[in-house]
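The two complexes that follow have subunit A in common; it is paired with subunit B in the first and with subunit C in the second.
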Partner chain A sequence: MNQVKKFVSKNAVPILFAIVCLLGVYYAEMPGQFLLMEIVKRMARNSFLVLSLIIPVVAGMGLNFGIVLGALAGQIALILSTHWEWAGIGGLGLTALLATPLAALFGFLAGMVLNKAKGREMITGMVMGFFANGVYQFIFLFLVGTLIPFDNPTLRISTSPGLRNTVNLSRLRGVLDNVWTVQYGFTKIPIVTFMVIALLAVAIWAFFKTKLGQDFRAVGQDRHIAGVAGIQTDRNRILAIVFSTVLAAWGQIIFLQNIGTLNTYNSHEQVGTFAIAALLIGGASVTRATIGQALMGTFLFHLLFVVSPSAGQAIFGSAQVGEYFRVFVAYGIIAISLALHAWRSKSLSKVSMEEDVTA
Partner chain B sequence: MKERLIKVYQGFGLPRLIISAFLLVLILVAAGTELSVAGLLSDSLVRIGQNGIYVLAMVPSIQAGVGLNFGLPVGVIAGMVGVLVAMENSLLGFGGFIVALLVAIPLGIIAGYLYSLLLNRVVGQEMMVGTYVGFSVVAGMCIFWLMAPFKNPALIWPVGGQGLRVTLTLSDTFGGTLNKFLPFQIFGLSIPTGLLLFYAFLAFLLWLFLRSKPGVAMEVVGRNPRFAVAAGLNINAYRSLGVVLSTVLAAIGYVVYAQSFGFAQLYNGPLMTAFPAVAAVLIGGASTSQAKVVNAIIGVVLFQTLLTVAMPVTNVLIEGNISEIARVIVSNAMILYALTRVTGGEQA
Partner chain C sequence: MKRRLSLVLVLVLIFGLIGVVEAAALPFKIGVVTGTVSQGEEEYQAAVKMVARYPGSVEHVTYPDNFMQEQETVIGQILQFAMDPEIKAIVVCQAVPGTTAAFNTIRDMRDDIVLIMGLPHEDPDMIAGAVDFAMETDQIRRGANIAELAHRMGAKKILHYSFPRHMSMELLAVRYNNMKEEAEKLGLEVIDVTAPDPMGDAGIPGTQQFILEDIPRQAELHGEDIAFFGTNCAMMEPAIRASMEAGIIFPEQCCPSPFHGYPGALGIEISEDRKGDVDYILEQISAKVAEQGNSGRMATWVAPINMIFVEAGVELAIQSIQHGLDLSDQAAVEEAVYEATGIRISLNRYKDDANFYLVIADSIIF
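Right, the complex of A and B next:
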């Protein structure tokens, strides 16, 4: 009995969301086959991105709202690969290879900025994402075709500067998913994509067993003590962000090869918010995140996403209510867990402050 | 002479100098084209009055030690409800404007107080929590707009009899009430007198408040909480005061914004309202821990003029609307600069 209690209190958030999802599934009355198809598709699409958030959390930098930078690196690589007409699984690999140094550079810059904003990493990361988005738009909406010569009719309309709003990734669409699929009813299960995700999960797990991984953990637990113990904390923090950004770039490439079209100016905007909401719904917090939480959260969040319009239609007579509800949940869960985190750490610091006063 | 120049430079600050210089260049370029400089500056005046109160709203929260109020949408929503109540009853002109304010202000006080109770429990993370509280409130209110009991056919969707429209026009109710109050022309500039007077009046009230006894006490709480405790001040009460003031200013700001803009944009319309306001007060020389009314005024004048002038000028030079992107880049660069400037963070 005690064990049940402990399990529930430890996993309150995912349990709560599981109940909400079950209610949603019940009211939405969707055919099971359709539900399964949507969930498999969305898990394959999003899990990699959500997993990319884990390393900075463990390194004590909170939720990395700056994964938008990684997504941008992935998109830049995709634009170039479309221009050079790379195709097939090899083309996708080359694209990921191309995105890597770009993402590493962005991550390095982001890490430098975040080291100047210790204690405010999350808001800084978020604003950095907005800023990078502005620069990205400036480059691809204005400079391309004016200052940067670029005359590819599949990517540009020659009469005005800037890339097209949508880029068709026809040469790369589904190339990873379709390497090996298993058909189950209507559902095509992209085995290789899931293998890549599993590989990443194992790699993250193994990484935290290495010396560097342990250093990250030490920095995350207490920067001062880690510093005294001879760990270069600032360098480790930059590395954590570089890893996360590179993984996010790959994640965005996997995401977009599944969708098959790149919305040049919007695809990346919600990457941070939705991935973070998914991670938190899985029961992670600002200071603790595991692979299981990431995968569980992705599952629950996207289940909620799939069922909420129909559930809204059934309960309130309006599908729109359901659509707004899922956005509300995404923002709300982030607000609540940030507040809870700050609340807890404040009561800790209050204790130490009182000690100060009495001393 | 040199020292005096250096003193002026230090008082004014490098960011403002750069932006002023850039603005001057833009205006000179505009003068060289067929664009009307007077017309551009008239538009800027409207935009300054329209957005000024949001920027003022940043001052009390910074002074109370809560930092930049990224939760501005909390107040904006209160203002929206005020505007909608006035429109539902088809109130025209000043009557509508005043009723909107009378509804918005108490709602702003209540919402601001509740919001401050949360912020008082998350000391050190107010900006991040505030951002997502603001987002959640906007998203939650989307559901409210769909189900709200408004009946006026001008406001709701023609089919179904329920749910507010995405964009509402104020032109047949109280749009432009302030802007069209005693307007006059000088050197080809049209001055929206009522709008600017109302803005100046609020700025003056805020300035006066910050000099009053509670205003000074609030500043002490913001600057040095431990000293404030020692002096017998209730920290949480003064932080709440700052947040409530900020939220109420945001609510008033929305009513003024809507009547000047002429449209009310519901649903995701107010999602990003905080960011330009935050950027403007920072451009005006405020930091995350210190702000004066004059920072808010300089900031909104520079930022809005820059945006208003930049769009037509760049439209002539290169194709496409660069103003929106300029806004994103300039405002977020400014916020990043402010966040990284203070190395306050030995608080992990």
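Right, the complex of A and C next:
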């Protein structure tokens, strides 16, 4: 009995979310085929991005809202690759390669800033995302076509400087997904994309077994003790953000090759919030995140996204109430998960304080 | 004889009624995707109207208010229709980003489905390849039209309110340029005003507040003979209110329609049975404008263009499925739209090889 209680209280958020999702599935009465198709697609699109958040959490830097920087690096590489007309899986590989140094540079700069703002990494990361967005818009809406010579009629607005608001990624659309797919009814399961995600999961797991991985963990547990033990904490923190940013850049490339169109000025905006919401729903917290939680969270978060409009419509009988229903359920639960975490860490610290007193 | 005649009459009546009922039920279904009322009341109401016209045959869902950020949900909502084999047409208005991606996916799955977009947001060259039929207000011709209309209404200068994200849309950028060119010919000056992006950090309220504060400022600076033009829907209500108060000229909205901004700004109540009644609303606006002494300085299109996109989209889909209407036949499409909505619009092809039409309707000055 005690064990059950412990399990429930430990996994309260995913359990709550799973219940709501099941209710949603029940009321939505969706064709199972559609449900399966959407979930497979969304898992393939988003898992990589969510996984890219794990390393900074373990390194004690909280949820990396700065993955927006990585997404931007990925998009810059995609814009250039569209300009140079790279195509196919080779083109996608080259694009990822092109994005890597950019993302590493962004990650390095972000890491430097975050080291100056220890303890406030999350809000700093978020604001950095806004800042980077402004710089990005400035470059692609103003400098391209004025200071930066760029004359590609399919990419540039015909009458003024700046890139068009949508970039057609037709040459790269689905190239990774379609290397090897298994058809099940309507659903095309992109085996290679899932293999890439699995590879990343294994790599993260293996990474934490290495010396560097252990150092990250030590820094995450207690920065001061790690420092005393001779670990270069600042350098490790920067490295953690660099890894995360590079992974996010690749994740964004995988995401966009699946969608097939790039919204030049918007595709990156919500990357951080959505990936973080998914991770939290999987039961992760600001200080602890595992691969299983990331994948579970991605699954649950997107399952609710798929079923809630129809469920809302079925329950309330109006198309738009369905939409509001989805928004308040999804974000309500995320708010609960954050509150639960705060409440739990508070009671934990209380327990440890009591223990201190009794000792 | 009399009896027989009455029997025949009764029979005619009954069959006539059955005929009407049959016309309302279609042998297939059509999916309609619009925004919620917080994004645009017109498309939503038009879709509700179509559901009522074809009960059980038209299904209506909405895309998220945050469509820019929740593109995956936009795609999912559209794709959901394609899973139902009875759905033979999908109409999306406004075709927000993600629609093209969804249509491309549907094309991979099915080829027996008519895909229609109203007011596409994505790049025209890109969407042209994905749709069977698309309609958009004719931004290219509108540029010059607005300048000409403003001139006719007595404007000396045109204030163009926009922000970078909108100016990166090809058609809006072209419209702006055409407006500027025509204005120069007519001796008008076009003044750029950059407003906060409603999708930015300040949100819609930030934009609306800016509009409310900036119009009186501009009127003080440039005098009353200036015309307001804004590129964003959220600007319209505060802009109409502020224009009335400052006494400046308002040639038309971003999406011209008597229902867009006017009722809210002028405090016109529309009862349930008057919803979508164009003549009534035109009359009301005229009266209110005259009451506040700004006659001859406020205008819009006679047709609520976004509503027409939804209605015409559904009707054209039916025509094309049931009667094989050729959607690339411009004259036939114009005629079909007139039959369906009772409003004459003029079409203009955007590109030779695609059914992407640009639409213009007549203006009315109150």
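Keep in mind that, in the parts below, the second predicted complex is superposed on the first by the 318 of 359 C-alpha atoms of A that agree within 3 Å, B and C clash if a C-alpha of one lies under 4 Å from a C-alpha of the other, contacts with A are read in each partner's own complex, and residues count from 1 in each chain.
The definition used in the following text is that a contact is a pair of C-beta atoms (placed from the backbone, for glycine too) under 8 Å apart; a residue touches a chain by one contact, two chains touch by 3 or more.
As the structure is a prediction and not an experimental result, all values here were calculated from the model.
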Which superposed partner A:Phe305 touches (first subunit B, second subunit C, both, neither)
second
Applying the touch criterion given at the start, work out whether A:Val113 contacts subunit B, subunit C, both or neither, answering first, second, both or neither.
first
Tell me the contact category for A:His341 with respect to subunit B and subunit C: first, second, both or neither.
first
Touch test for A:Val327: subunit B only (first), subunit C only (second), both, or neither?
both
First (subunit B), second (subunit C), both or neither: which does A:Gly60 touch?
first
Between subunit B (first) and subunit C (second), which does A:Asn2 come into contact with in this model arrangement: first, second, both, or neither?
neither
Could you say whether A:Thr124 touches subunit B, subunit C, both of them, or neither, answering first, second, both or neither?
first
Which superposed partner A:Ser160 touches (first subunit B, second subunit C, both, neither):
both
Report for A:Gln137: first if it touches subunit B alone, second if subunit C alone, otherwise both or neither.
both
Note: overlapping subunit A surface for subunit B and subunit C spans 130, 137, 141-142, 160, 162, 320, 324, 327
Contact residues on subunit C for subunit A in the complex?
36-37, 44, 47, 60-66, 68-73, 75-77, 79-80, 83-84, 97-98, 100-101, 104, 109, 121-123, 125-126, 164-165, 167-170, 173-174, 176-177, 199, 201
Of subunit B, residues touching subunit A in the complex:
70, 118, 121-125, 127-129, 131-133, 135-136, 138-140, 142-143, 146-147, 163, 267, 275, 318-320, 322, 325, 328-329, 332-333, 335-336, 339-340, 343-348
Subunit C touches which residues of subunit A in the complex?
30-31, 33-34, 37-38, 42, 45, 130, 137, 141-142, 154, 157-160, 162-166, 168, 173, 186, 259-261, 263-267, 269-270, 273-274, 302, 305-306, 309-310, 313, 319-320, 322-324, 326-327
Subunit B touches which residues of subunit A in the complex?
60, 113, 116-120, 122-124, 126-128, 130-131, 133-135, 137-138, 141-142, 146, 160-162, 222-223, 316, 318, 320-321, 324-325, 327-328, 330-332, 334-335, 338-339, 341-343, 345-346, 349
